[in-house]
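There are structures below to look over.
You will see chain A twice below: alongside chain B first, and alongside chain C after that.
So, the complex of A and B:
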């Protein structure tokens, strides 16, 4: 191999010294720092510092020209006293619950796609995957059009059966559910890929043994496939909860484009409320407190899931 | 990390499994296809309707009862969008941002990942733990101080503001480190004894060996960059330097109830990423299988 081009290479490459430099410190150490420096500095300035700053700022009053004064828990108290916070918290938990339906749906489709000798698996996978790669703003607009109360295709379809629809995303009673369904629709492809891989990893001998014992397809699914899939299900549920607790794009596009929307507050999530507080009302103190509370919520719900996993996740 | 090479498409390679259930196989597969097709219709139909609406006139779009096909395929609305909004600039901005973020992130993260996996230096474990801690923090928590930083760098309403935070990724570093760890150390030691520098080993020995992981990280980064909304809404309020995601939301404000225009805009904005997906499908699936196997 060619002579190294770095200026700092030693002129006398004694083999013993080289060996040592692989192990610890020395030149390799310096190079190590140089290699991690770009990402390290970027993360420090743009991620770690902001995280610490948000935490500190959540205990201060944001002055209009930068002068921040310590105000204890005032921001948190203000958030807790804000009805919209409780509402958006409840909504976010609802989005989370609706969002979890993606898991059983993806498992069923993955199971069907894993049927031996099935044709067109690749085509199906592509079609199911398309919503996941589609710009969420665009999906939101298309679905908003489908949900349209006057000219929407969904109401026209329901009309065929004599059902009169509603203004799905403007009706406070249906807005959240309507948006939640789009969220599920857009995520199916992602979880499908994970479950297809999970099902493929199940040893055939287990299924054959179950079959020899006389277990039908349904029985095999519930007693062999599902338990062996539980680590994937656990992983997906953790990822999915973290993602839907941060839901923003679809709500922003489908219901927050006008504050005149009667369903504005009924569809609000914690993150859309955060955006509203921080950048529309310019109430940055409360917004930082809200952001910190969201992180606590995510951490708590993730911790709960890790605790519960011992009860149901089966590791082979 | 074993399930990473060929994610699917090998379904047909299980010749005679579940042999016993040969009875009723035909009826079974008809039912299976029926369910899968119904599902696929639900997944894809919104796009079909989007395309059909985009080519209709406004009157046809809001016709009652529903008119399925446009009587003439109208292009007018597509040019109208470009007249009213800097749509071309926004598409270009999205493309530049996605490209720089992807290339930058893959390069920088792989460099750091290689160091974490292979080089020994004081405080390595501690620094790595610090990197990992970033993964725990949701993005919204960072946005206000990140925004203030952009203000103080004088970068508001510039393309670098859209690129900067997304250039660095703790997740990318973590993912690639796991891959570098799987490569046998002997390969590298041989190159070291030959006198190659670390930078050279990283570039010509290690990077080619983790190419599938790099491709997977690249497509996922590209998609996230293209689809990102909250950050662009915050830093770039000038339509001329918005990416297409944020641009579409202003389109919604401009065209209100002009449904063909809205659908045409949404179509143009999502098409580039869909094309990338269709071409690089394998990498997308792999990217997800990789992120999926880290748990």
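So, the complex of A and C:
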């Protein structure tokens, strides 16, 4: 990183030269590194080292009490041959698709909350934000209770209309959807805040100009607000996809039961499968391979999104 | 702890040299003032364990014992990592599903020779339970308590339906007939819980139909007799005489029973505590031996005390484990009313702690018991049981339990094949 300052000085104008000499080389450069050290060391020790170690360990056979021997691609082969892997991969992609609904919902709510003259915006914003700051385990427990087939509020409510509900989180046909809805519900607040800020940043003049041209509220929303909001939408979809691919705690809490839950396989994600392999079955070799595959999946989907953004994201 | 042990040994060495040879009494002095930790997970048993430790300290004032309590949900993960990294308790609780793996990988101190030298034969503990904690001819643990399954029933619902209380003449057929009497759809009331619960429901039914779960590297779930045992439960569900697994996943059979929605359920000795604490439930609850299938049959499991192979104080740890296997400790544990102690004849304390319940039923069934089935990777195939059998438990007669059981057998055989 240490670019020799002398080489570049003649070409650069004076103020830039001063900045550059701070950034690189000598004592000043050292101070720079010192400033990023706390984060850098944390990142190195807590993220990069474990990631590299996981990758290395995914090619070994782990004894339950430590000690590992190289076994090539055996762990990956075992994972690919495991039916549960394909099933949980499908489930995870479903969670991701359901999770993306949070974006249109948050945009609609953000637009409504941005209506001029609306009173008590702070209250609404807080209300929507509370689920996001609540521990997923806590909200999962409450929702599990709401979903309870015999005593749950949801079925009691549906009963008023003569509809008999089901065992929402124990029925293989509904469990994934039921958990996915809670995931969306818990995330709305976060995306809402981003979209409110995004909408506020849209210059009022554009909207006024559109209005003068005779565009109605819907037209203004779709042709002015949405395109100008696309950078926020892009950011949110990247973050959201990464988060839902790693969904764990809600599933862990909501599909866990002291006797067996027949819907467990239909609701299991890659990370819950990882937990199962690593800590229940003590098969850490297969589990590390699975973790690495998930990382690849996340990286691939993120790369695809960055590719596609050129087609639809509009930078003002 | 390591360093202290070393210093103590170093300090004792010259003394031993001066005395010439070390007799057994010198050995005792060498491991004097040991400090060991005792790992367990059940908060309810802590008071009894404090009593046990106090009694132990009377005999061995030079050995300190401290309790290390870890909740069950993290107990095994933590134990496994602390054994790998060092710092695990010197003596700790072990259960059936985990004993083979821990002993196979040399993490536990073998105690057969020490027991033989002391003339301790463990005959006062149930045989099949003692055998559960032996691996390749070596004893690794001594049972501390045990449980098997009995039939809990709601006397109010029995009176209401005019069904006579269950006794040892009951068979599966009696259960089926009674369940028809108890079914009240409008109240969500059923006769019995048929939850997908291996210890309470699956294993007793399998054993009562002369089926089996695991033998060496072979799964018993492809055996017709095993499947017949499972069918006892799924037939009840498919006939709408018992709540399906979706219902019991949402609300456990035990909770449904405590809430008065079930007339009967198969329960562990521990389950009596909750039923007893609520006065209304206590008054309408009693316990009987299990109804019989083609034979009597039941499953016995119990915890054992084992010693960490890397303990710096093997002698002190062994003394503690040996003490835990005595009548005195059985009586302390029984009197606490939390568990059934495994030392024969000390159960009376437990039975007397809840005189309104026929807790004798548990003791009477010991001769019917088969040991809790285990292998090396027990957790892996136990997990498969729930995920693969679940389909047959949701009350859809189109999904046959025979198919699910055969699928389980092949998945389980793969696991068993790969065991070390």
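Just so we're on the same page, the second predicted complex is superposed on the first by the 265 of 316 C-alpha atoms of A that agree within 3 Å, B and C clash if a C-alpha of one lies under 4 Å from a C-alpha of the other, contacts with A are read in each partner's own complex, and residues count from 1 in each chain.
In this section, a residue touches a chain if its C-beta (ideal position, glycine included) is under 8 Å from a C-beta of that chain, and two chains touch if they have at least 3 such contacts.
In this text, all values refer to a predicted model and were calculated from it rather than measured experimentally.
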item: Which of chain B and chain C A:279 touches, first, second, both or neither; value: both
item: Partner chain in contact with A:143 - chain B first, chain C second, else both or neither; value: first
item: First, second, both or neither for A:38, with chain B first and chain C second; value: first
item: First (chain B), second (chain C), both or neither touched by A:162; value: neither
item: Touched partner set for A:151, first chain B, second chain C, both or neither; value: both
item: Dominant toucher of chain A (residue count), chain B or chain C; value: B
item: Chain B versus chain C as contact partner of A:260, first or second or both or neither; value: second
item: Partner chain in contact with A:172 - chain B first, chain C second, else both or neither; value: second
item: Residues of chain A contacting chain B in one complex and chain C in the other; value: 148, 150-151, 257, 279
item: Chain C partner contacts - residues on chain A that touch it in the complex; value: 63-66, 84, 147-152, 166-167, 169-172, 257-265, 276, 279-283
item: Residue numbers on chain C that touch chain A, as the complex places them; value: 77, 80, 83-84, 101, 105, 107, 188, 195-197, 244-253, 256, 261, 377, 379-380, 383, 385-387, 389-391, 393-394
item: Of chain B, residues touching chain A in the complex; value: 3, 7-12, 14-18, 20-21, 28-29, 32-33, 35-36, 39-40, 42-44, 46-47, 49-50, 53, 61-66, 108-109, 111-112, 114-116, 119-122, 124, 127, 130-131, 133-134, 136-146, 148-149, 164-165, 167-170, 173, 189, 191-200, 202, 223, 226-227, 229-230, 233-234, 244-245, 248-249, 252-253, 259, 262-263, 265-267, 269-270, 273-274, 277-278, 281, 284-285, 288-289, 292-293, 295
item: Contact footprint of chain B on chain A as seen in their complex; value: 1-6, 9, 13, 15, 18, 22-25, 28-33, 35-36, 38-40, 42-43, 45-51, 53-54, 57, 109, 112-122, 124-131, 133-139, 141-143, 145-146, 148, 150-151, 153, 156, 185, 188-190, 193-194, 196-197, 200-201, 204, 207-208, 211, 217, 231-232, 234-236, 238-239, 242, 245-246, 248-249, 252-253, 257, 271, 274-275, 278-279, 284, 287-288, 291-292, 294-295, 298-299
